[in-house]
Structures are given as structure tokens and as C-alpha cells.
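Next come two complexes, and both contain subunit A; in the first it sits with subunit B, in the second with subunit C.
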Partner chain A sequence: MKPDSTLTLALAVLILTLLTACSREPGEADTPESKTYVHAMDGAPGSLDPAQASSIYANFLVVNLYDTLFRYRYLARPYELAPNLAAGLPEVSDDGLTFTIALKRGVRFVDDPAFPDGTGREVTAGDVVYSLLRHFDPDSRAQGAWLWQDRIVGLDAWKTAGADYDAPPEGLRALDDHTLQIRLVQPYPQLIHTLAQGYAAVVPREAVEAYGIELGTRSVGSGPFRLVSIDRARAVMARNPGFREEPVSLAAEGYAAARDGDWGLEAIEGRTPPFVDRIEVEFITEDAARWNSFYAGETHFIKAPVAQFERILEDRDPLRLTPELAERFHADAEPESGFVYTAFNMDDPAIGDPEDPGQAARNRALRCAMAKGFDWETRNRQFYGGVGQVFPGVIPPVVPEFDPGMDRSPVVHDPEGARRLLAEHGWTAENLPELTWGYPASVSERQMFEQFRGFMADIGYPPEKLLPRVYATFGDYHRAYSRGELSLVTTGWTMDYPDAENTLQLFFGPNASPGSNVGNFRDPTFDALYREAAPLPPSTERTRLFRAMNRRVIEECAAITGLNRNLLMLWSREVIMRPDRSFIGGYGFRFVDLAAPTAL
Partner chain B sequence: MSGGALGTLWRSRGGRCGLVLLALLALAAALVTLMPASDAGGAQWAGASLEHWFGTNRLGQDILARALEGMATAFRVGGLVTLGAVALGAALGALGGWRPHSLPDEVLQWVMGVLDSIPVYLFAAALAFALGGGEAAIIAAMVLSFWTSTARLVRAEVARLRGRDFVLSARAIGLPAPLILGRHLLPNTAHILLVQATLTFVAAIKTEVILSFLGIGAVHGVSWGLMLAESTQDVLAGHFGNFLAASGMLFLLLLGLNLVADALQDAFDLREASR
Partner chain C sequence: MSLPRYLLQRLFHGALLLLGVTLLSFTLMVQFGPDTAFELAGKNTTEAQLEELRRSLGHDRPFLERYARWLGELARGDLGASDSNGEPVDRLIGRALPVTLALVLPGFLLGNVLGLLLGMLAAWYRQGAWDRLVLGGSVAGLSLSFLVVIIALQVLLCTPYGLDLFPTRGWRVDGIGSYLLYVTVPTLALVIVTLGYNTRFYRAVMVEELARDPVRTARAFGASGREVMFTHVLRNGAVPVLTRLLYSIPLVLVSGSLLLETYFGIPGVGKVAFDAITSGDQPVLLAVVTLTAVMFVAVQLLTDAACRLADPRYGAP
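Right, the complex of A and B next:
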């Protein structure tokens, strides 16, 4: 062999070796007929352990890797609960205190070395008990205890007594392998919703004991997918071949032809999910990079960056993509499950509710004037692409308790009225107090402050009296307002479940800082109404009480509120789906299908 | 600066061009200080027009007005940092050079070595953050970061001059050390201080822009760093006014400063050569 040939052969071997090393792992390779759905997400989960599924990103994945007792119907709006691991909806005692939940039989965890023989065993009611108890185990670093704290009989005592999993509390018991019983301290109508959260996903004890903290990057569940890999850039999930066979009934999932008829969903009727072999979730935090990846066809789905709306949309009402994009993509706008608002810190004597009744009245007038001076429509247009929904109060349009007929004057920009109100109560540029406004360091947050300062300047509030406090991270900002260090707290609330109770509790006195009531609003009338409504199931009476609470927040001008953002979602026409970032979230992955095998 | 050096600077085409450019920019910054940009906005992302030369930003604010206010911020921050860093560096460098290899000098060299081993932007950002952010914090952080290069040069120059006859004579007649340093040695380092001042000014402006871009800088006013940070979103929406205005003015200011710095170095080199 000539030297040249030797060199050529050596190079060829090296290249082949390199190609082999860089190829997919065995078992991962797409078959010619395989379907891979690629989803772009604007953040990454911190952990895949259900006990730490605190972010929307973690929830998206966790509910695919594990089972929860309940889920939300894929297409039903308003959102409706449906059994998932549970065999049906719970039996509830007449006093509303005892929930009995039957589990489906034959549901198995995926095979994993954590099990004695490496074969996944059946999911039992004991696993559900164990998974919920983990949130109360001081050693588990779990984050979901707030969902059930002070709610379930004996649960808090179980924690202080040493958190012995073999001696579960009286209120959380497996009656047998397929029956769970939960006994409540007082009626808690939102309990079923909490059992549809990622926090309530069912993990086997063997996996927790085998992997400990490593469970954050593994999965041993019974969901429709199993985890192949996860790193900072992406998560890869493959179909769980052992997932239970439950053919789709579009009618049962809430299909409405007029609304859902354009997405091709009829193709999944009667078929057993999941429909794709593999899901790749790309974590791309940078807006431009996420958009470019989507536009180049590297991902199938994107939540469009607001800055792109101008280029994406030809019309906003009704929503219409530019012709070029409409040829390639479907689009849908979805109201966010929450709202943004600015709470006044009622503990701040400069703006809040001091003991002196005269000063309290003047402060209330000041708060109301600032609310009148705030231009929600401009905020919506400049920061939310003009597709958000401005609404009065704190019950957003996404929940059934929302009152579409409510007086909208509290969100009408009225600088003239604001100036008049200030003058009537003796406020002048000289005696207006200095107020602090905090924000985490970011361009948008800073611009929102500048805009607010501009709105206030328009009603006569001197800009130099509105003092910005910049924090390096949202965590620092959160700590500052939790300690009551700021006069105004601008924040957003993403709802945990579709029930107005979840937003009204933001103004319940006992939830004051460091709780979720960041404005420290303590109104005896509001609190009495809240306590009266808390044990009631959804009903006309409860809605009446909720709306009365909503009016109290507005009357007291406790916050400048609110705006329900609209999320614009785009997805490839080859994908059959109806995406949702709210309560359906990751539950939708099992229903995703591709019209043809992957061609990305 | 000697009249000869100044004359050389003015006679140099680059120096003259730089001085005129800086003067014009300083004048614009001074004028806009009297008329600060408003929070109130008009039409969002309006295009370039006679009314708005660079268009408007997301809030509808005039981009040119903000860019000029950013210029004022650059001059203010650059000037204060230059004064602080050069003064601190000169003082500490002179002390070290007066008694080379003494304990204070060893300590000074150790401190400078430690500070110089830390990446300057990282150090300034960490200090600015630790000091609470805002303009005063970044000025303090930059002074504490930038004094070492001046100190090294002044130390070496003072150590070289301390054996000269005029210093020995001053010591012989019993003048105290502070007087010798202040009256005889530091004035002889003026050429170093002047060149260092221009270089520090450039570094301070760039650092301020970077820190503000990262959200650690200006809180109340406007900075080119903030405008460039805003432009990352604007560009996605197809608007380039913020980017062009901020980067263009930054370019002009740095160009002017660099032309002057180069001319100054040439001028002092000539002086040294003529000796």
C-alpha cells in the first residue's frame, strides 16, 4: 500500500469513528416512520422531581413523565377537570370533608433499575399518599406543601412528629391499593384542582430512595412519556410503550367544531395517545434565537415574543397572521391564566392605611388618583402588543366568576379626574410623598417604570418623588417586597387553578407579606367575605361573594389593576394540536400528532 | 502641559480634529442637560423624521434626545471617574515611587497585582453591584478599578526622578517629602497623567455603557448602555433607531478621545525626543 493510500485510509477511519461517536445513542434513532415533535420553551425547568415542580417549565414535563390523579380536559373552555390516574371524579361526603378517590387498575411505572427486578410495578393508592407526604417531609426540599397545609387532618402534625411514611396521617390514607381517602379540616373546594398539579404527580418510593436528588434529572413515572435525556439546552422524551390504552373522545375532551375545527384535531378521534414517538423540548430563553429557530423550521411551536407581534400579525382583531406566515403556521391567542397589577403597600404610611382616619382618607384619594392616572390601554399597546385584555378588579376573564358586565370606569384613563381628586384632598406637588417602585434589572421593567413615571407626571406627581429601586434578580425583588420595603409592587400572578379564589387570596389579610398578599391589604369586610366564601363549592352564592370582594379591592383602590395578557402561539401546519400554556400545559403533549413522519 | 505640546497637539490634524469633535459633543451634552428627555411618549416606534431624527422608542420617546442625554451621562461619568482614578493613582504611585521596595510600596504593589489580576469589567460590575448599583456606585467602582495603571506609571517615573539633582537638592535643603512630591515630582509626571486621563476617560465610558447594558448602571438618567439594551428588543421588531443613535454617538465620542490621546502621546514623545 502506498503511503498516500495509508493516509487516506487512516483519515477515513477517523472520520467514520467521529461520525459514529456523534450519532444518536442506540435505541434513539428515528425509524423512517417515527414522529418527533419539537417544542420551543422560553425557560428551563430547575428539577423534574414532582416535589420541586415549582415552575411552569417543570410542570410541562412532569405531567408527561408522571401521572396525576386528575388533569384538565384538552379542549374544554372554561377549563374542566377530568380523571387521569383516578378512575373517576371523587366521591365527596355531604359535609364536603371526606374525598374518596378510586384509582385505575393496571397502571404501571416504567421499568427502571430502582425496582427490585428492574420491572415497573403497579401504581397504588399508597404511592399517591407517599407522593403527597413528601411535601411535608423536612428532608425532601419539596415546595408544594402550601397547597395542602392546614387543610388535611393530621398532615401538619405528621410533619412535626417525625415524618414517618409508614404511619401516614389520619386524613390521608390508602384504604386499599386502589382507593385513596382524604379527610379535610374544613371544606376545600379547590382540592381536586390541586391534585391536577405537577406537585401532586405520583412517584414510587423506590425511585426516591434510589436516586434522591438525582430524581431532578431522571424520571420513574407512569405518564405517557419517559425521559431520555435532559440538559440545560433540551429535554428529550420518548413514548412510554406501557401507557394505558384510553382512546380519545373529542366530545369528552370538549371539542367545539366552530372553535377547534381548523386544527385538524378530528384525526385523533378514537386513537390511543400518545401519538408521537418522541418529544424534544428546546429551552431557548432568548426571544430572537427562539423565533429564528422556529422560523427556520427547527422547532414546531413557539410562544411568539411580543416584540414580534408587529411583524407577525396583519390584523389583531380578529387575529390574522401575515399571508407569508399563514401559509406555514397556525396561530391562536390564549388569555394567560393570571394578570398583572400594581399593589399599593398598605403598610407604608405614605400611601397605605394609617390609623389616623383623616390621613387614611387622603391616602385613599391619592391611591385612587394614581389608578385613574394610569393608562392601561397604552401599557397594553406598548408592552403586550395590544392584544391583552384590560379589566377592572382582580378577577380575570379566564375564570368563570369574571363579570363581563362590570363597570369599567376603574380602568379608564382619567388624568383630569385624577388631578381633581388630588386637589380636592389637598395634595400638591410639594406635599405628595416620595414613593419607591422596585423592579428586577431588565429593559422592559425599567421601561415600565419610566412609563409609570410619565403617567404620574401627567397628573402632577413630580418624577423625582418616584424613586426606582433596581434589583439584580427577581428573587432579590421578591425578597424586598416581601419585607415591605417598597411603596408599590408591580407583579404578575399566574393562577394555580382556574378558580377566582386563587386571585382573591392575594388580598386576604392573613396572607399579608411575606405571603402572597404583597400589598398587605387588610380589610375586615373583604376578609369576612373571603372566609364566608372559602368553604363554598362553585355556585351562584359563591360567585356573588367573590364579586363583592372584587368590588372592595376597587373601592379601596388597593391596587392599580389589571391586565390579562394574551399569549400568541404559533405552530407548524404539519402538527395536529391545540396548544395551551395555562392549565392544560404539558397535558396537551399526549394529544399532539404530526400529519406525517418527522421531516425536521 | 507645556505650550509646545499643546501647540503640537493643535498642529496635529488628528489632535485638532479630535478636539473639535469633543468640543461639539460636549456642547451638545451641555445643551441637552438644560432640556432633559421626557418620560412622556408619543407614537411608539415612529420612524425617522424631521421631528424625530432617529425615530422614537417603544415608549414613544425621542431617541435623539435620549442619545444626547446619554452623551451627558458619558461625559459626567467619564469625567468623574478620570478625576478620581488619576488622582488616586497619582497619589499612591508617587508614595510608592518615593520609597521603592519599602513596606508601603510592597503593599501597594501587592494590591495593584491583585486588582490587575481580576478582569476589569467583572471587578467593576461586582463592585458596582455590591455598592448598590446606580451612577454613584459605578463611578466608585470604576475609580477603584482604574487607578492602578496610573499608579504603576507614576511610581516608576517618581522612582526614576527621585535620584535627579533637583530632587537631591530639595532634600539637601531640608524640604519635607510631601512638599517635594507635590511641588517637584508630580508636576513632572504631568505628561503621564494627561495621557492616562484620556485613556481612563475612554475606558470609563465603555465600562459605563457595558454596566448600564447589564442593568447595573444609570438608574435615573439615560445611558447609551440602556439604549443598546433596549435595542436588543427593538431590533427584533425591526427598529434600529436606538442601536444606531447610541452606537453612533459612542463611536464619535471614542473616536474624538482616541484622536486626542494619540496626538498627546505624539506630542510628549516629541518633547522627550527633543531633550
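Right, the complex of A and C next:
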């Protein structure tokens, strides 16, 4: 082969490679008048199938691609529910057991080849029934069954009887195409919240049958956007042209001028969302890359990495950006809907609650001493930029049941008290047990463990008796603590809905591993209170019960808790929005607008 | 042995190697890998739900049955579907591979061509100032962390902190112009970190070849320096050069692109592999391992053929 032809061949291969490596899809190009909002996320979704929308990242996309019966008002804080696909709030029977929900008429799924003629059909109550039933289909790999398990009449039996979609259970019925009825086993005040989650998003049966597990990378919904493309680096959504016309009423969305007045939101009053033509969601897990991309103007929104706080904040209380950044960006700190904590494994005889009452009392003293020795303020400063909120117990400040007047001594660093408590119960450096602390492999997790070991050394716990267990993936770590292989389980809980029940269930006995009660806390008093409170709607009585449960967790020193991470969010001044990064934040996308067509 | 027969023999060995690699990787993933059921389990799972997930994933079946089934599917060209999002693995890799090729090709070529030229320069002026300069630069290059280079280049070339000439990240390629825009910084990063290794290796090869009898004879006959280096030394050193070049391809494609793709947000094979590792996505991981093994076997065959053509003594008994 001559050199000329070799060169030609090489060029041809290069051009062919380039052509196949092109990432733009047909119809994806911007037009001069189009508005594209680019959102940076610090993680990527797994599956986009609503039945598997278990992460914040998946949920953000799912609630935009599909409809849920209810959603959260855009600006209202504390969070308030509003009808979405539902025509109004549910009619609830006097005994609180029957919910009747009317659906909006004329809502259609997007066009898709999954439908017989490729045209999206109307969304019906039967679709809602089908979508919820999928969580109880053993073949669906669904992850949301825990929300409705043992709650809806006949649902669990439906599963054991073979999961026949054509014979729905008694408690979950479409009365007609636009009316859904749910009958409960006992009152479940959180039901309406569960119907506002990505898990409850409405999928057409045709799409599930056509695409099977591939639905994880497609979307056939009726939400404000439709999926254009998704890969490991980003997702692109385009406005759903058939989305129902519902003009914005800022008052109805919970607008408060004193709080929201600086963000230009008045511009969307009376207009019909969605306002942008495209939303590009960039999955950027690396802090440095995420910040560089935002600072360079390539993304409109970012949850600021903690490592950048020193550089970007002039003051933390009240929050103030440096003048240079304040010219370009808005900033807001939002309390995380959730918290971080370390649970003691109560099944571990070395630290838990063994049958011998004497040993149980000594173990309780050991747990309490470790909690006293833990310095939350230092943890907050070093790992959360000092903007987190330390609080006692497991009811975080973001929910209405939080008690701001609660005694804060459980979160006050008291190494002297810890040493005294250990000595009073006969614990010495020699007889303190070896404890294991696990974490998925990462530098920051290791640093947190070493900091914990340092805190404990300060109360006289020999560092060599606190053993790290490192896991390659979160799944491995999950498996280890679910099998009770660890003495201490450090984790974070992102709330599914803004109700303290969602965090208190983390300590409910029947939810022990592999459930969400990772510390296997089984306290008869707590469990009795939980059962008593479960059917109650939000009320003074329920709050009293919730707070009593909270105190039980603290009294028993079941966990070292807690810290509510405050999330610092920055967004470009050309964007009109009020961001929310919590589990329910995805609902805000439809209200995002740009001051002018912008090509990034 | 004739070349076709020799290659046939190597192909047979390659098939055995592939079988061994797949068995080993399958065993490691099944016996020691993450339990995907826990990755896919919801927040408040039960043992019964975990069992359902294992059944749905086929993980409740005996090991040999699982391996035989996977091998059968592989033979039919079916790589299965991602456990994470259900996307067919062949489609996932088919989309990611061209992106990775387009991303690493310029850096790979430049790194090797520059390394070869610098290696030749250093070898020709062995012990001289050029040699010391090139070797010093190589050591400096070797000492730099890939991650540091990436972040430094991002800040210097892609943000308002520096020159702000290129996009910080992403892969919105729809033509040669946008391709150059997105590939330049990753290419620079790749060249900077590979140049040191390449230069030292090629220098060593050239130094060895320069000391051989045919080269001395050529010089005695009055051949020019250029003629000596490009006609005699480079040709005689073709076997190690080709071996290194070709054997680098599978590694560069998979592991070499991992950091680049992660930091520059490029949806290539490295990112696919990284995500599969962190999420315990076994079908994707197995496909990537198998693909790497297939590439190694193919490269081995290609290297053997190329080396036999370059040097008929190669592979002779």
C-alpha cells in the first residue's frame, strides 16, 4: 500500500469515527429563539422507570417526564401538596379509609411507537392502578412497594395470587376512566404524599409491555417534558407540546414577596408552563469539574461543593456571596430534607441491647458516652462547610414536627461527661469492645471515620479497637449492614415526603434490617408510640407522640444524631427560578424560565 | 511455519485465552462482586423482596448454569441488559466506543509519535545535552498525576480563572469544529501524561538498536544520520515499537479514558466501565472485560502479523 493510500485510509477511519461519535441527535439543535436551561446534578440516575425511581437524581427527571396525581406547590414552605394529574385533592371518607380521586380530563401520553398508531392516548384511572400495581409485580424490579405494603386492601394478596393486572385488588380500583378509588386497611395520612412521588408516576401499560426493562432509558409519560436522550453524562428533555395548559398563579404556588421577591419570579405570573424549550441535565459527580463548569457559564445551576465555600462565601450568617459572584449568581441555602446520623447496631452484643439487663445497661452507657464524645460542630465545620444545622434526635428542622425548643444537650460535645459515664459503668481502655465502622470506599468517608476515631480517642476509646470496614460499592456496604456485620452504621436519609413519620420509621422495630431501621432498634415503647401515631393525621396529638418517640431514641442512645445538611445552591441571574434540591425538587423544572433566549 | 498457519494457531490460543478470561472474570464477579440485589433494592426492603430481585436477575441459579447461559448469549452476540437501567449492553457500548475512539485517538497518536521522535533525538545524542533535556522532561512528565494535569488544564484553558478558550466538559460534537473544541484539552492532558513514558521507552529501544552491528556498518558506509535513524534503527526497532503501540490500544480505550471521560463528562467506554464498577452492574462489567479481552486477542494477532511482516525472524522457532 502506498503512503498516500495509507493516509487516506487513516483519514477515512478518523472521519467515520467522528461521525459515529457525534452526540447531537436529530431535532436536538437549538434555534436562535429557543430557551435551554442547563442544570448540573452531583449524581446520575439509574433507571428512569418510575417503578425504580429511588434516588433524588432519578426522581428529578421522572416527575418531569411523567405525571403524578399530586405535586408540591412550587414556593410554599413548609411544603404543601397540590393536585397535578388529579383534578383536586382527594375526597376522604369519614373513617379515613377510602380515598376517591378524580383525574383531569384530556391529559394525554406523549406520542410513542409503543401505542398502536404511535399516538399517545388519554391517561386514565386504569393507568394509575396499573402503575401502582407494578410495585407488587415480582418481575418488575420495582422499589416502591414499601410505601403501600400492608396499607391497601387486597394489594399484598394480589401479589401472592399471581399479580394479574386484569384483576386488580379490591382496594385499588378505577371506578371509571377518570375516577380512582383507594381503600385502606387502616388510616394512612401519608398516602397523598406517596402519590406525589416518582414511584407513583403514571406509565401506560403499552410502554411497559413494549420496552420491558428498557423503559429505564426511555419515557412515555404525560409530564411537562419528554425525553430526547440520556447517556451516562447527561439527559436532555424537550418541552412536551401537548402538556395541559395551566397558567401559573404565584399566590397559589405559595409566593412570599419578602422571601422570593429577589428572583424575578413575578415574570411567570399568569403564563403557562413549561417555559423553557429544553432542559439539559448534566451529571457531574466530581466537585471540581462541576464548579469549573458552572463558573465558566456552561451550566445554570449548581449545588455548591463544600470545598468551594471558602472561596465563594463572604459571610455565612446571613449567607452572602463574594461581590464578584453576587454580580453573576443568585444564592440560597436550603435545609436538606433529611439528615445524617450514625446508628448503633442493637443486634451487636458488644454495643447493642443484649438480654442480660446488666450488660444492656452498660452498653447503653457506652453508646451514650460515644454520643457525648462526638463533636457535631467540628463535623459540620470540616465536612459540611459549617452551614449544616445540628439538632438532637431524628426529627429534622425541615418538618413541622421539629421542636425548636428541645433540649440541645444530646448534641453538645461533652468529652468529660463521656469519660465520667464510661468510668461509672466500669468501662476501661482494656475492656472496651472492638467495634466495626463501615463505609463505601472514598477519601471523605475515610476522613470521617478517622475524625470519629479521633473523637473517641479523646474519651479514652483506644483507636485500635475501632476498626474500619471498607466496601467497594454502596451495594456492598448496604449488604454488610443489612446482615448486621457492622457495629456502627453511618448513613444519610433523604426524606421521601415532608412528614416526620418518614424519619421515625427508621427506628421502628418491624423495619429492622434489611429494612430502613439499619440499627435494628427494637424498643417496645417506641414501637407502641409509632403504632399509635400511624393512623393519626397531622395534629397536636400526633406531634406529641412523634416528639415522645424522638425522646426515646435519644434516651436509649440508639444513634449518634443528627445533622441537617444545608445545601448551598447557586444559579445564574439570567434564570428565573427558585431551586429546590430535595426529593420533591424536580417539580420546579416546569416553572424555570430564562430572561432571554440563551445559547450557552 | 507459514504466516496463515501461524495466525491460525495464535487464533486458537486466543480463543482459549478468551474462555479463560471470561470464566475468571465471571467467577470473580459472581463470587466476590457486589450483590446486585442490594444495589437495586428500595429503601425499605425485605428479605423476600431481595429474593425476588435475585430471581429476576437470575442470580438464584447455580453458578455453572449462569456461566453457561451467559456464554451462550455471548456466542449469539447478546450481551444482555444493564442491571442499572435496562439498556441493552451492546447498544450502550456501541454508542460509547466511537466516542472513546474519537476522544483518545489524537492523544494516543500524538503521544506516541512525539515520544518516538523525542526518543530518537535523545538516543542519537545519548549522554549529551539533548538527551539530558529529554530525559529530564520525561521524568517530570512521569511525576505528574493525571488528575492534577486534568484539573490544571481545565482551570487554565477552560474557565475564566484562566484563558477560557475551551468548554470545561461535555461532548456536543456535530462536526469537525466542535470536535476540535471538545477534544483539544483532553488530548493535551493525555499527551502530557503519556509522553514521559513513551519517550523513555522509545529512547531505550533506539539506544539498543543504535549499538547493533548493522547500524555500525551503515554508519561506516557513510549513511547520514537521518538515513541511519529512519531506515535502519527505526525499522530494526519496529518489533518492540509495534508491540508497545498495539498492546496499548485496549488499555488506552478502557482504563486510559476513564479519568478523562469522568472529569470531562464524556459518555465513553471508560465512564460506562466506571459507572458499572461503582454500581455493581455485572452485565456491563462483563461486557467491558470481554471486550477488553477480545481487543487484546485481536491486538495480539495483529501484532504478530505486523511483526512478522516487519521482521521475518519474528516468531520463528
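Quick note on the criterion: the second predicted complex is superposed on the first by the 571 of 600 C-alpha atoms of A that agree within 3 Å, B and C clash if a C-alpha of one lies under 4 Å from a C-alpha of the other, contacts with A are read in each partner's own complex, and residues count from 1 in each chain.
The criterion applied here is as follows: a residue touches a chain if its C-beta (ideal position, glycine included) is under 8 Å from a C-beta of that chain, and two chains touch if they have at least 3 such contacts.
All figures in this text were calculated on a predicted structure; none of them were measured in a lab.
Novice: Given the alignment on subunit A, is it a clash or a fit between subunit B and subunit C?
Specialist: Aligned on subunit A, subunit B and subunit C fit with no clash.
Novice: In the superposed arrangement, does A:R232 touch subunit B (first), subunit C (second), both or neither?
Specialist: After superposing on A, A:R232 lies in contact with subunit C but is clear of subunit B.
Novice: A:A307 contacts which: subunit B (first), subunit C (second), both, neither?
Specialist: In the superposition, A:A307 contacts subunit B only.
Novice: Check the residue A:A288 against both partner chains and state whether it touches subunit B (first), subunit C (second), both, or neither.
Specialist: Both subunit B and subunit C are touched by A:A288.
Novice: Hey, is it subunit B or subunit C that touches more of subunit A?
Specialist: Counted on subunit A, the partner with more touching residues turns out to be C.
Novice: Under the stated touch criterion, which partner chain does A:Q359 make contact with: subunit B (first), subunit C (second), both, or neither?
Specialist: neither
Novice: Could you look at A:T179 and tell me whether it touches subunit B, subunit C, both or neither (first, second, both, neither)?
Specialist: neither
Novice: Contact-wise, after the overlay, does A:T100 reach subunit B, subunit C, both or neither (first, second, both, neither)?
Specialist: neither
Novice: Thinking of the overlay built on chain A, is A:A145 touched by subunit B (first), by subunit C (second), by both, or by neither?
Specialist: The second partner, subunit C, only.
Novice: Quick check on the superposed pair: does A:I213 touch subunit B, subunit C, both, or neither? Answer first, second, both or neither.
Specialist: second
Novice: Just to be sure I read the superposition right, which of the two partners does A:P468 touch: subunit B = first, subunit C = second, or both, or neither?
Specialist: First partner only.
Novice: Could you grab the smallest C-alpha gap between subunit B and subunit C in the overlay, to the nearest Å?
Specialist: 7 Å.
Novice: Considering only the contact definition stated at the top, list the common interface residues of subunit A for subunit B and subunit C.
Specialist: The answer is residues 288, 472 of subunit A.
Novice: What residues of subunit A sit close enough to touch subunit B in their complex?
Specialist: Residues 287-288, 291, 305, 307-311, 381-383, 441-444, 446-447, 450-451, 453-454, 457-458, 463, 468, 470, 472.
Novice: So in the complex, the part of subunit C that touches subunit A is made up of which residues?
Specialist: 34-36, 38-47, 49-50, 52-53, 55-56, 81-82, 84-88, 95-96, 98-99, 101-103, 105, 151, 154-155, 158-161, 164, 167-176, 179, 261-267, 271-272, 275, 277-280
Novice: Show me the residue ranges of subunit B that touch subunit A in the complex, using the header's touch definition.
Specialist: Interface residues on the subunit B side: 38-41, 44-45, 58-61, 129, 133-134, 214-216, 219-220, 226, 229-230, 232-238.
Novice: Which residues of subunit A touch subunit C in the complex?
Specialist: 14, 17-18, 20-24, 29, 44-49, 52, 54, 138-139, 141-146, 212-217, 231-234, 282-286, 288-289, 292-293, 295-298, 472-476, 478-479, 482, 496, 505, 511, 514-516
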